[in-house]
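Two complexes follow with chain A in common, the first pairing it with chain B and the second with chain C.
Presenting the complex of A and B:
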């Protein structure tokens, strides 16, 4: 059931208890977790934090901890399946689920005792009404069985008439029941067909902190990072991002109120969050402007930097703005101050000429100390790179989780900086892979969708065995493809990408993303499609990830799985 | 010359009590002493002044060996004393394995003396000074588990599963032992 008052129904309930936090492996969940941890520290609520990377992990963690804990808080996992059936908990375990995955499973919505959803009810949910899906079967059966027992005996005249009436009623009831069931199936199919994401979990917990008046700038910053993560990884449509930014902006101005005074200005070491209408160039403050332009998907795809013509256009663009190459290729922090002053406006003006209308995006930045200033998207890229780093061979995913969690706090700047370095490498790798894919034309149109397979020998292919990195690559590849192809029909197709996941076991990871469009609502139907295709071909798949559009598949079953998908979707 | 300060490692006893090494050194010292004795009596009797430098040299060697041996023994004792503060009154078996019988006895005596001291201060029940080595800032601390430690029971009877890379928020006094042992790590955010 949905929680109405988050303070009374969630926080006060767990206030004197011990809680188990099961947190999924994405940046929004990490930020939400940090906010909740900070709140728990304030009120000395004992907890245990366990990172989980998939459904199996979740079940294992639950089994291990179910003896010791009664209250479980699930962050960014658990809303979109029937949790009680999956975990089989005892009747006194209570689950608080704060998850951005939609649609929320109907059983979770209508369970009143064990499942409490920390989700706003008006959040574009469209849950079917109770009567449409559930029905009290008991009365029906009583009447039916009563009638059936009459059937056996020899009917006399009167009873025959009575029975005919009864039989007719029964047939009528059965027909109504079948109709109701067909309608129910249809409603559920429509409801569960598309997968999408709701409001960020970090923002949800920030609101809890605000209601408790225990919110701090750190928590606000984490909420901002959680929201930006949803935007960077393309989980929410642009309109929702803008409206969420407006919500956050109110909190930011509330927190910045104290800085207005000239006389009592705060020390430079204090944390300041500011609204920035900044450029959509990834990591450009920590890189050189040139590198950032080459490796951000927006600019790289608009210029088509994998072609010679594109490179020339970029040079023209820089010349048009009057930026000398030497300045542009050196570290941003050492760039000439006179150039940096009006950089954003100058770039916006020039990019309008080159067809990039949205080079600027509303976001937030943080400053603490003289040297440290970061944009929210920088932190998202850094944390995501740390979370999925493949630097050392046997990287325990929980190790990476801890590293990424550390990088988000201000006292571990060295982690954050190493994360930024990893993110740079990741972006370069993505750009190079995109360039090679487009140039070698390995994106094939399979009819209802586009398909691309990364061969095993591709450089940096290990990087793309992780879901977040592969999703980012997918998105960039699709944008690049749309810019480079002439086929009008192909521009409206979704993209499925497969990359080798584990060479020894012979599995590939398959990701599907919805088609790219201006007003896309980011609703993804590949979850259900993958399930059905796997069933129909009995391919060996593992639907372990919390996003149903990301699965693991045995390499040998790849072609028949694809064929099934093609037939399913055409 | 053998160096006997072979106790490597930062804390604790990581190598066995070098009985053989010590015995060799003592034998060497005895041999040197014998030679010195012989030379001294010869020097006195036959008036050979040229033996004096060699006597002096051997004497220096003897003194040095003595210093080394004493330093070794003393260093081990200091480490054993630190073990009481780190591990508590019961030493794990693998540490006790490395100690000689005399060292174990010394440890017992030290424990007794520390316990009587603790009983004497702090009023009726005494004060456990081995807790709270650093001034505590809060009742509960956030700890991260560095290795799989299995189940861990805290005061109110609840059991916590310490799995690698899980984080917990627990009462400080229960965690201190495990932090010192390196199973948990205090996380400051």
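Presenting the complex of A and C:
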């Protein structure tokens, strides 16, 4: 059931209760969690935070906590599956689900008692109407008793005479029922075929804070990071990102005008959020400009930096802008101020000449204190690197979750800076892997899709056993492939990528992303395709991740799984 | 005494807030507070003001002395005089730190105020050190210092007492027999 008034139906209900927060492992969920935690602290609501990484985790967490808690808040998990069937809760457990995964399962939409969806009803959902999918089961049985209203037959439960008319009506009803069921299957198939993402969960909770007038700049910043995470990890189309930015921009202007006027300027330590039309170079404020250009996928793919020609083009580009190499290879913060002043405009002009029309993107930045200024995308990269860190002694997912959560708050700057370092390593690893994949041509066109398998000995392959990192790699690889291939047909194909996940158990993680196009709406059909292929070949797969397009598979079953996919999709 | 204990005592001072909730009068052991009405200012102790501010339930108004011009005057006066001038408030240092750390968005020109208060503190503590130094050197028996705040006294307390104790021991060792008799074992 969709919640109409988020304050009355959600916040006031949990206000004096103990709540269990089950949070998925992505940055948007982390930001939403932080906003909700801040609200709970204000009103002294007791809660327990449980990070969950997949459906099995969710079930175990639920079983552990179902005795003590009546109210469960699920963030970025649970909407796209029949939750009641999966968890089998008691009838007094109530679930509040704020999830960006679409399509929302129809049972979750139409359940009135236990499932409350913290999702805006008009958020691009297209849910089928109730009558199309459900009809009361007990009116089906046997005699000519009254059925659904569209049947319109006489309610004649008492008449049991087997006359001609009754038999005819019965046959008619059964035919209508078969038709209805066929139509129902079709509607459900269309509805659940494509997987996509809706409005960020962090923005939903920020709206809740706004309605309660408890919104602060910290919460606004977290909402911005949640939205930027959806853009960085390619979950929402560009149009939606731009319109969400416009919504956030209104809040930002409201906050900026609140305390500041001519004479009473705010202390420098206060947080200031500003709208920036900044360059699409990852982490460039905390790196050198040269490194950032080499390791951001947009510039690396446009220049084709894995070829010698590409490197030369890059040198030309820098010379064209008049930037000396020594300056460009220095840390950005120590770059010459005269160069930094007009950097963005200069880069935009030159990049137009080299075919990069969208080098600038609308985003937000934050400043607090004299030294600290960060862009939203920097924070997303840092938090994602911490969340999926594969450093030697940091392998506990709950620990990583807490570290990433800490990095998002202003008082743990050292965490954030270590996250930025990890993110730099991750981006360099991604770029090198992309370069080697393109140069060694291991991307194969399998007909209806492109396929790439990362061998076990590839450097940094441990990094790519995690879903977020692998998805980023996929996206960059597809863009690079499109720029480097001459085959027109291949440019429109989606990409499936497999990487070793667990060497002892012999499993690989498989990710599928939709084809790259200008007006892509990021709808992914691989979820259903993977399920069907696994069923038909009885491969040993684990569909544990909340995104149905990410699965775990036994390495031995890889080839037959792929063959099944090829036949399915062609 | 620990500086944190002094800060704890400082939190009993009253400060004006503007709440955004309403509550009837509350009766606490230390006194009565309230009633709270949204938009109307009310006097509360600093500990309650900070707690409400962190829960976003109020806006803190800076105390009267926390103003750039007044603090500049006090700083000039302090630098001119040899003795201590009356401090802006008996807990000016702690209140500045607490309010500027937690509520700097409600206090205009917070950075300048921080600098001014630090200047005043530095001048006063320098005078205090000078006077303690001359006290010990000249082996005075008693002294009177007006207008000191608890935090300043606290910074010098341990050093002054310990050094005076040492001086006493040294002095009593120079006069044998006078006090020694009492410590004899037999």
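As a working rule, the second predicted complex is superposed on the first by the 545 of 570 C-alpha atoms of A that agree within 3 Å, B and C clash if a C-alpha of one lies under 4 Å from a C-alpha of the other, contacts with A are read in each partner's own complex, and residues count from 1 in each chain.
Here is the rule we go by: contacts are C-beta pairs under 8 Å (C-beta built on N, C-alpha and C of every residue); 3 or more make two chains touch, one makes a residue touch a chain.
All of these numbers come straight from a predicted model, not from anything done at the bench.
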| item | value |
| --- | --- |
| Joint occupancy of chain A by chain B and chain C, clash or fit | fit |
| Geometry of the superposed three-chain model: angle at chain A (Cα centres of chain B and chain C, steps of 10 degrees) | 40 |
| Which of chain B and chain C A:440 touches, first, second, both or neither | neither |
| Partner chain(s) touched by A:37 [first = chain B, second = chain C, both, neither] | first |
| Residue contacts on chain A - larger count, chain B or chain C | B |
| Touched partner set for A:334, first chain B, second chain C, both or neither | neither |
| Touched partner set for A:214, first chain B, second chain C, both or neither | second |
| Partner chain(s) touched by A:411 [first = chain B, second = chain C, both, neither] | first |
| Which superposed partner A:268 touches (first chain B, second chain C, both, neither) | second |
| Touched partner set for A:396, first chain B, second chain C, both or neither | first |
| Lowest C-alpha to C-alpha distance for chain C against chain B (Å) | 7 |
| Residues of chain A that lie at the interface with chain B and also at the interface with chain C | 41, 44 |
| Partner chain B, residues of chain A touching it in the complex | 18, 34, 37-38, 40-41, 44-51, 64-65, 67-68, 396, 398-399, 401-402, 409, 411 |
| Contact set on chain B toward chain A in their complex | 138-140, 142, 144, 158-161, 163-171, 188-189 |
| Partner chain C, residues of chain A touching it in the complex | 41-44, 213-214, 216, 259, 263-270 |
| Complex interface listing, chain C residues touching chain A | 20, 54-57, 100, 104-111 |
